Each structure stands twice: as structure tokens, then as C-alpha cells.
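You will see two complexes here that share subunit A, one where it goes with subunit B and one where it goes with subunit C.
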Partner chain A sequence: MRHRDFASFIFPSALAMLLFIALPIVSVAVQSLFVEHDQVLISVESCGPFGCQTETKVDPAATAALKTAQPLGKFNGLGTYLNRAHLAVSEIGEILSNNDGVADIVAQIYNLPFYKALSFTLVYTFLVTPLSMAVGFAVALGVNTIPRMFKGPVIFLSLLPYIVTPLLGSLILFWMINSDGVIGASLQWIFADPELSLKASPVLTWVTLIVYGTWHMTPFAFVVFYAGLQTLPKDTLESAMIDGANRWERIRYVVMPHLTPLATFVGLVLLMDNFRVFEPIIGFSAEANATSLSWSIYNDLNGQVDQLFGSAAATSILTMIGVIILLSPVLVRTWREFKRKAH
Partner chain B sequence: MATKIGYSRPLAIATTLVLLLWLILAAFPFFWTVWGSFKVQADFFSRESFWNALTGPATTRQTGGAFTLDGYRGAWIEREFYHSVWNTVIVTVCVTSISLLFGTLGGYALSRSSRSYTFWILIAALVFRAMPHITLVAGYLLPFFEMNIWGHLPTAIIVLVAINQPFTIWMLHSFFQSIPKDLDESAMVDGCTRFQAFRLAIMPVMWPGVITTGLFSFLLAYNDFAVTAMLLNQDNQTMVPKISSFLGTVQTEGTIMYAVAATVSAAVPLFILVMFFQRQIVSGLTAGAVKG
Partner chain C sequence: MKFLTTSALALVLAAGMAHAGCGIEGGSVRILANDFDALGLVIDEAEGCAGDGVSVEANMTTEHKSLQVPALTVNPAQYTVAVVANNSIVPLLNKDLVRPLDDLVAKYGETLSPRQLIKVDGQTMAIAFLGNGQHLFMRGDILQQAGLEPPKTWEQVLAAAKVIREKGIMEYPLAASYQAGWYLAAEFVNMYLGMDGHFFEPGSAEPSISGEAGVRTLTMMKALTEYMEPEYMTFTADEMKAMYLAGDVAIMNQWGSMVNGHIDPEGPAPEIGEATILAPAPTVDGGTIPAAALWWDGFTIAKNISDEDAEASFIAMVHGIRPEVAQENPTAGTWLMKDFNAPDTAKGVLGNAAAGAKAYPMSPYMGLLHTALGAELTDFMQGSESAEQALADVEAAYRTAATEAGFLQ
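What follows is the complex of A and B.
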């Protein structure tokens, strides 16, 4: 294809991505270096019957004028990155120099908002990804053995948790685990504890969110693995059987190696999607016990009084760095393959 | 079926049990909530027994029938949910069609060129695909306020199209690669320009791929919360952010069934979509995997 043809075909798509993905990344990077203006203070002398007093007041007009003149705020350098709400460098230094052992260090660091969000995001990502792959694989093996006439309806029902909007799916489950809802009431009955509530403790909230994440993502893993099972080399399977491999050995030594490339793909997509976990925290109203990086950004931007653009932008940049780190093995591998092909 | 030989009964029973358990987990919440949305709050969130949500004694007491449309009436008419439904229709239709227009052109170009910039565009698209949407939203807000385009539907539409592009061009690129190059090359030998070859020779055989990709563009626009919640003003809200803004008020007013009814109204179209397009959705989910 000629360069000119290529350019004109790719132009609309590339322009859209440049304007609304690449530029916003630059915009986020710039915003993260600025912080909101302080309010403009003026001294007013108010004289009453008991003499004159000088008061310091906020000048709303001047503050608004300053905001319009410099909407970005004032330059703050890397200050936002290092403050308590983000990397909290000085707080961490203090914790490390003044603590009662490792458990205390962990507990104190967990109380810093950024590290709290980061730890939940990482735990969620690295638990939900393998769990949904394992369940998805088991379901794919199950669907593969049932008679053909059941396959359609079974796949239909299995797809629902993945296709339904994450916020709606989490709301539906949230209403059911409510102590007046069906799952919540049944759990209270099973554990014979009328006070049991999945929302009360941080641990149970984390478990709920991770179970939700697995429920939501399993269909994706299932569908891809199921498609992979359809392309299994039949003769390899048969020769394994002739050699006396039982069903488990066949799964372990024939099916699983065949599905490894697919598993890499599923794992990559799941890592990317789970790392942005956000809607379930809103749906389950879990922000008191579990926050994620995406949720922190949303919370900064959604402030009722002031939108903290600088703070949101700094968290965004840190999140993007996280994404790049997560993707780096894939990027390096693709780059090597590309170099090899080029030579 | 090759696995029939050496068939073992305990293993078959175990896999069937796992499958049954999964089916109940996957589908039960939806059926339960759809059924419960026709009850009153005292039944759906029953303090006595959850069987009430099935039989509905309080619903019969309060409304005279075992089923009631009160939740739907409250959400759709009193809270004007139809307004958000209409906004969602506009957003999804526009996002899907513009995404496909841009995506087919771009995906075709990427599949027919093997130069190094093709590789770089695809890698950039992969990285963009991984960016959490809310991080990009943080970049939009301030410029959009300054340009005075915040809050309008076209703004959200073009943003969703752009966010959709990485995924769309990857998927269409792999579909186009499965179409032999000879097809458009012979059309060009016959005197077509590149664009005519694309439109007259390639597009007619691309419909299955376009429909599959379109479904996923639709789902992205329909399911989005981060972009539409932050970039649309109160009047232009689509269904998902509207439901989330319900949550704040229904709890205090005791009208939580409005939110349940609205949630069911927004989820049912997706059930119908899966029912009709199951095959395309399955092939779309695996399309990326086939390429490895």
C-alpha cells in the first residue's frame, strides 16, 4: 500500500486517537504539575462603636478573577506527587523511622490514601485474573462435554455476567447481599449470625468485590477457552488415550499446553481490565473499606465544592505508569519479535 | 467426540455439577431481580423472609395484585427515565456508526500495509486500550470547561468514539487480514482506485466482521460509566449515570424500587442483544485470541 493511501485511510482514526487519547495524556501530565489557587485574602478594616478592627477576609471576586485568568492553578512542580494524598514521601520516611515493627509499618502505610487504593487495586487485579481464568477453564471443560442441544442456552446464560453493564451488575448483587436481600439473609441463616453484614468489615468487603470481579470476568475466559477446546488436535488426544493417559492426565499434558497461548491472551486482557476496577466500588458503595486508583481519580474530579484537577491528574499519571509496568513484558516481547522479523 | 473413549463417570458428574453451580451463579441474580422489580420494597427487601420476594404478600396488600408496575411508573414517568433512555439511544447509535466508519478505514489500511509504522500504530493502540478511561477523563475536563463544550452529547460521543478506536482497529484489522489480498489487488488491476477496491470488493465480504465489531462498540458506549458520568450535564445524562444519581436520593425517600426498575430496564435490552447475537459475541471475544 502506498504511503499516501495509507495516510488517507488511517487519518480519521489516527486523528481521533491523537486528539482524544494522546493529547489528554499530555494535558493530564501538565495539570499534575499545577495545584488550585489559594483564595485571595484581603484585609478589611471594620469600625464599630468599640473602635476599629482589621479582619482578613476571602475576596470572592478576586479569587474568581484569578481562576479565570489562570484556570490551571498555580505551578507546584512535583509537589502534588509527593504530598500526603499521593506518594507521601515524607510521611513514609517518618513511618519508617518511627514504628513498632513490620505490622505497624504496613498498617500505617495502608492508612495513606494512595497506598490504600494501590493495595486494593493490585490485590483485586492479581486475584481476580487467575480466579476467573480457573473458573472459566472449568466451565469450558464442562460445556464441552454436554450434548449439543444444551450448548446454546448454556452459553447464553454464561455470557450474562460479562455483557451486563458493570455498574448495573454490581448494583443487582449489592441489593441481593443486603441484609434484607436474598443472599444476605441466607448467609445470616447459614452462619446463624443475625448481625452478619458483608458491608461492615473491610475484609468482607474485599472478598465481596473479588467474588464480584470473578463472576463478572469468568465468561470472557470461558468463551475463549471454549473456542480453544474446539480446535484441539484429536489425534494427539487419541494417542494419549492409547498410551493410557487418564482424563486428568490428558487435560494436564494435552489440553493445557494447547491452550497456553490463549491463556496468555486472556491473562493480558484480564490484567488490563481488572486494573481499572472502578464501577463495582460505586455499585457496592464500598468506598469506606476499599478504594481503587480509578476510584480516587473519580472522587477527586467529583468533588462537590472543588474539583481537585491537580490531584486527580497526579493519580492518573501514577496509574498510567502502573499500566505501562503491567504491559511491559508484552511490549518487550512484541518488540523482540518485530526486530527478529525485520532482520 | 474423541473424549468419549475412556469416559469416566465420577469426572463427568463433577464437571456437570461445576457447570450447574456456575449457571445458577451466573443467571440467578438477573432472574431474581427482574422478578423482584415487579414487587414493592417490603417484599423485595423483606425483613421476614426472602420468599416474600417470590410470592409478594405485601405487594398484594398494598396494590391489590401480586405484581405491580409502581417501580417502573416511578422511574420512567416521575423521574423521567425515558429522557436518559433517549440520550442513550442517541449516544450508542452515533458512537457505533462513527466508530465503524473510522475503524473500517483504519483497520483496512493497517491490514494491507506491512511497514514499520503499522507496527507502531498497533502498539500505540494496545497501550491506549489499556489506559483506564477515568485517567483520560481527568485530562478532558479542564480543556472542555475552557472551550465551553462540556456537558453536551456530541462531546461525549466523539470522546467515546476515540476511546473505542484502539479496540475497533485491532479487531477489524484481524478480520481484514483474513480476507485474501488478491481480492482488492485484482480489483485494482481492473482499474479501481484503492478506495473503490475497498468499498466495492472488500466491504461486501466484510459484513460479519463489521457486525461483530459494531456489537462491541455498542456495548462499550452502552456500558460506559466513567466518561458519561463525568462529561454530561444533568439533562444529557445517559441511563447508567442516571441510575447512579438515582441511588443518592432513593435511599432517603424510600423509593429504592425506582432504581431497581430502572436497572432492570437498562439490563433487559442487553439480554435480548445476547440472545440474538450470541454467535457474533462469541466470535468477537475470540477474534483477538486467534491472532495470539
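What follows is the complex of A and C.
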């Protein structure tokens, strides 16, 4: 292809990527470096139906003048990234120099909002990704062996969890695991413990969210693996059978190597998807026990009346860095393979 | 044809009457409001002013708080009226997006009573029409069965819960809206106000909650959870209503605006409604004022609109909250209008006010403290942290946010 043809061919998508991906990221990055201007406060008397009180109030005229001079806000550099709501550098320094051993360090760091959110996000990502891949693979193998006439309905049913909107799915399950709900009541009966509640303890909340996440993401892995299974080389399988390989050996030595590239792809997508876990936390009202990075962004933007744009932007950038770190091993491997093949 | 003429005449007459009823000469009224029944009533009434060159539109949404600032910042503003409460008026005042109403009140406000005027620094910035707050909802039948008098303090509530449990009537007789986030923070604010606590150092944005009153507040909140279902950290006000109507709760501090849903004779549990005793919020720790914040709902008029639209909006809204609306719908809410003869359903909130309960603070940085409380108190409420540590965390989280918002340096 000539360079000019290539350029005109790629131009529309390059432009779209620039407008819809690159520019917003740059804007978020810039936003994260600024905080609001110092507000000029005045004390006034405010009265209402329930009497009068002296309250402080922002002096809008004085604050507006500051805003016109610097519309982006006050430059804060990396200050937002380093404050307590994010990397909490000075708090961690304090903890490291003043503590009662490793357990205390961990507990104190976990008490900081960013690290609390990061812990759950990482645990969720690293459990839900392999679990849903394993279950999805098993389901794909199962569906592949059932008679053709049942395949359509079974595939549809297996895809359902992925079709349900996460927020609705988690809300429905939230009601079902209520102690009056069908799952909650059954669990209490099975374990003969009327106090048992999946919503009450941090550990059980985490387990619930991870089980939910696996349930929700499995169909994605399933459908990709199932598609992969349709391209299995029949002759290799048959020769393996002639060689006396049993079902497990055929899966281990023929099917799995064949699906490895697909598994990399599924793994990548699931890692990215799970790292931004958010809806189940809202749906399960799990904020008390589990928060994620995406939830922190939501919390910053959804305060009672205020929105902390700088803080939300900083968490967004940190989330992006997290995704890049997570994906880098896979990306490096793919790049190496690409270079090897190119030679 | 004759029919057509008659209906056209009727339309003209109706428009003429609306014109006579509201007295608007022309303009556009665009209302942004929260979505609950009592507000719907007012807005329906205001919409009656439409016609004859006057248009009235309304957007009722629970997301009104995130819409109002951008919608009123543009010029001309997207809405001419923002219906607010004592917390949601703050960003409009901070950014100077609503206009003083004194001239309009003098000209068109003869049906308003002086206590409806929300004055900031001497200027009327909003007109309140509903009061709200949390107060006691109690099951009279259960108290009687346990041989108890209705409790008046939180300490008595604890004692009553103990008796109800020990007599085997209910294992978890109490409920509170302790869902992590906004609700949990609101409950802290209630109890802390009852302890006569102050949220900030006078005249500054420095937090002052980590003192002894804060610790006592948390201790009482935690003590109450002993008598609540183990999932108490997930309960919202709506969830409490469902539990109460299912007969699972004996005593709770619920929102006054939700009274109707609890005692509705047509509702799912008329016998529970029948047995319900409504009372002001309890006092706490020997204090004299009910441990519940008072709230009001009212309307503001946008700054970035024409004077004609502002006038039309004010007249339409005053029409919507004229005293007759309250008199015709007495149980719809705790109306603040003139000559409102409060029925028993409104006695909880009015009782709070009469006993000197404090209003939810209108400080510009209260929202940030509220968010910090909602996020940082959870560890203590679940027993994995001390009260002192929890309050220190709240202050630290608040300081971070307030610094970013420019309130603290």
C-alpha cells in the first residue's frame, strides 16, 4: 500500500481516536493537576423556619474574580496525587516510622481510602479473571458435547448473566441474599445459623461480590472459548484418540494449546473489565466493606452537593496507570512474539 | 361546530381564569425539583398557571442536585426555578446563581408567612414551604405488650429494646438508616446535634467533631446496632419502611415526609399503621433538644434569566404554595404555610421544631464533611476501629477534600 493510501485509509479512525480517546485523557490529566481556588469566606446570619444561625458563606464576587483570572483553578502539581485520598505519601511515611510491627502497618495502610479501594480492586480482579475463565472454559466444553438440537437454547441461557445489566443483576441478587430472600433464608437454614448474613461481614461481602463477578463474566469467556472450539482441527483430535489419549489428555494436549491465543485475549479483556469493578458495589450496598477505584471516582463526583473534579481526575489517571501495569506482561509478550514472527 | 366553539370558549375562559388566578402577564417558568409526592402537588398547582403566553414546565428528578449548578450557570439559565433543601441551596449560593427575592416578596408575596423566608445576610434567597426531619415511629401495640411507655430519650429506647428482646417479642426491635454513605452521615448529624455538638470551629472550615461529643455520638449509635438486624450497614430509609411494614421493627427514627407511606389505611399493613405512635425524635445524653436535624424544602429563582421570567416564576410558585394547597392536602407533608392546621401526621417534625431541634447546617463545606462521615465511619460501626480513630479519619478525609475545594489552606 502506498503511504498516501495508507494515510487516507487510517485518517478517519485516527481522528476519532484523537477526539474521543486521546483528548479526554489529556483533559483529565490536566484537570488532575488543578484544585479549586481558595474560597473567600464571610460570616453571615442566616434565618429560616427554624430560627437564625450564624453561618459562613462563600463571598461569590471575590471568588469569581479569582476564577476569571485563572479559570482552570489553582495549580497544585502532583499535590492531589500525593494527598491522603490518593497515594497518601506523608501518611505512609508517618505509619512506617511509627508502628507496632508488620500487621499494624498493613492495618494502618488499609485504613487509607486509596489503598482500601486498591486492595479490593486487585483481589477482585485476580480472582474473578481466572475463575470466570476456568468456568467459562468448562461450560464451553460441556455445551460443545450436547446434541445439536439443545445447543441454541443452552447457549442462550448461558449467556443470560452477561446480558443482564450489572446494576440490575446485582440489585436482584442483593434482594435474594437478604435474610428474608430466597438465597439468604436458604443459607441460614443450611448452616442452621439465624444470624448468618452475607451483607454483614467484610469477608462474606467480598465473597459475595467475587461470586457475583464470576457469575457475570463467565458467559463472555464461555462464548469466546466456544467459538474457538468450533475451529478445532478434527484430524489432530482423531489421531490423538487413535493414539489412546483419554478425554482429559485430549483437552490438555490438543484443545488447550489450540485455545491459548484466545485465552490471552479473554484474559486481557477480563483484566481490564474487572479492574474497573463498580456496579456490584452500588447494587449490593457494599460500600461499608468493599470499595474500588471506580467507586472512589464516583464518590468524589457524587457528594451531597460538591464535586471534587481534581480528586476524581487523579484517581482516573491512577486507574489508567494500574491497567497499564496489569496488562504490561501480556503486552510485552505479544510484542516479542510479533517481533519474532517478523524476522 | 357549535361544540367546537363552546370548547374553544371554555379554553379561553379557563385560560382567563388561570390568568386571573395567578396574575402572570407572560413569560416562561421552568422548574427543576427533587421527585417526591408533596413537591409534585406544589408543581401541579404551579403548572395550573400555564396558558395565555405563560408556559410552565417541570423536571422532577432525584438527580436534581447534580443538574442544578450547570443548568443555572448558563445564561440564560435552563431552569428559572430550582426547588432546593437546606443542603442543596448551598452550591447555588456559593456560585451566586440565585437572585434575592425581597422585591418580589414585597410585590407578590402577601400569602407568604414571614417564617417561610430563608434569609441569608438579610436578603431573602429562598421561600420554604415544607419542613422535614427524622422522628420516632413506634409500634404502640408492641410497647403495650412489653409493658413499656413510649421512650423519650435514646437511653430509654435502648432500655425498651432490651425489654422487647428479653420478653421474646422481637430479636431486633430497632432500625436506623445506617447505609454507608449519605444515610449514615445523616444519622451521625442527627445524634451529634442532639449532643449539642458543633461541626466546625466558629467562622472557619476547620472541623471540630473529634471531641468528646463526637465519641459519645458514635458510642450511642453503636450501642443501638446491638438491637438491629446484622445487615444494618445496608439499610436506607426506604428499606426501613419495608421492614417496618413487614412488622420487623418496633422503634425507629424515620423521615417525617414518609409518614403517609407508613400509616396508609390503604397500604400493605393497615394494622401496623393503626398501631403506630408518632413522636418527636428522642433527646440524648441528658440533652434537651431532639437528636434530629431539621430540614426545609423551598424554591429559589435563578439569577441568569430575564426579569419577566423571574416574575412569572415567582408568581407561579407562590400560587403553587398558597395556603389552600396545604389546607386541602394536610397529610401530604409538614407544610410551613400560613394558617396550616397541622394534623397528627405532621406533629413529629413540628414537635422536633417546637422542642428546639437544630437545622441542618447551611455551611458551604458541610457537604464535604457529610461525604467524609459517610465513608469513614463504617469501620467503627462494624466494630473494627475505635471511635477516636474513626473521627480522626473523618477529619483527615474532610481536610483533604476541603483543601482541594479551596476552603482550607
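FYI, the second predicted complex is superposed on the first by the 277 of 343 C-alpha atoms of A that agree within 3 Å, B and C clash if a C-alpha of one lies under 4 Å from a C-alpha of the other, contacts with A are read in each partner's own complex, and residues count from 1 in each chain.
Definition applied: a contact is a pair of C-beta atoms (placed from the backbone, for glycine too) under 8 Å apart; a residue touches a chain by one contact, two chains touch by 3 or more.
This structure is a prediction, so every number in the text was calculated from the model and none was measured.
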Subunit B versus subunit C as contact partner of A:Leu157, first or second or both or neither: first
Subunit B versus subunit C as contact partner of A:Ala313, first or second or both or neither: first
Which superposed partner A:Lys57 touches (first subunit B, second subunit C, both, neither): second
Partner chain(s) touched by A:Leu262 [first = subunit B, second = subunit C, both, neither]: first
First, second, both or neither for A:Met217, with subunit B first and subunit C second: neither
Superposed model, subunit A: greater residue contact from subunit B or subunit C: B
Which of subunit B and subunit C A:Val128 touches, first, second, both or neither: neither
First, second, both or neither for A:Asn178, with subunit B first and subunit C second: both
Which superposed partner A:Ala85 touches (first subunit B, second subunit C, both, neither): second
Subunit B versus subunit C as contact partner of A:Lys199, first or second or both or neither: second
Subunit C-contacting residues of subunit A that also contact subunit B: 178, 180, 302, 307
Subunit B-facing residues of subunit A, complex: 1-2, 5-6, 9-14, 16-17, 19-28, 31, 71-72, 135, 138-139, 141-146, 152, 154-161, 163-169, 171-173, 175-176, 178, 180-182, 185-186, 215, 218-220, 223-224, 227-228, 232, 234, 237-238, 241, 246-248, 250, 261-262, 264-266, 269, 272, 275-276, 278-279, 282, 293-294, 297-298, 300-302, 307, 309, 312-313, 315-316, 319-320, 323-324, 326-327, 330-331, 334-335, 338, 342
In the complex with subunit A, residue positions of subunit C that touch it: 65-66, 86-88, 90-91, 93-96, 115-122, 128, 131, 179-182, 200, 202-205, 229-231, 233-234, 236, 246, 294, 296, 336, 353, 357-359, 361-364, 366-368, 370-371, 375-376, 378-379, 381-382, 384-385, 389, 393, 396-397, 399-401, 403-407, 409
Touching residues (chain side subunit A, partner subunit C) in the complex: 35-39, 41-51, 53-58, 60-61, 63-64, 74, 76, 80, 83-85, 91, 111, 113, 178-180, 195, 197, 199-202, 284-285, 287-289, 291, 299, 302-308, 310-311
Subunit A contact footprint on subunit B (complex, rising order): 2-3, 5-6, 8, 11-12, 15-16, 18-19, 22-23, 25-27, 29-30, 32-33, 44-47, 49-50, 53, 101-103, 105-106, 108-110, 112-113, 115-116, 118-119, 121, 123-143, 145-146, 158-159, 161-163, 165-166, 168-169, 194, 198, 219, 222-223, 225-226, 229-230, 240, 243-244, 247, 256, 259-260, 263, 266-267, 270-271, 273-275, 278, 281-282, 285-286, 288-289, 292
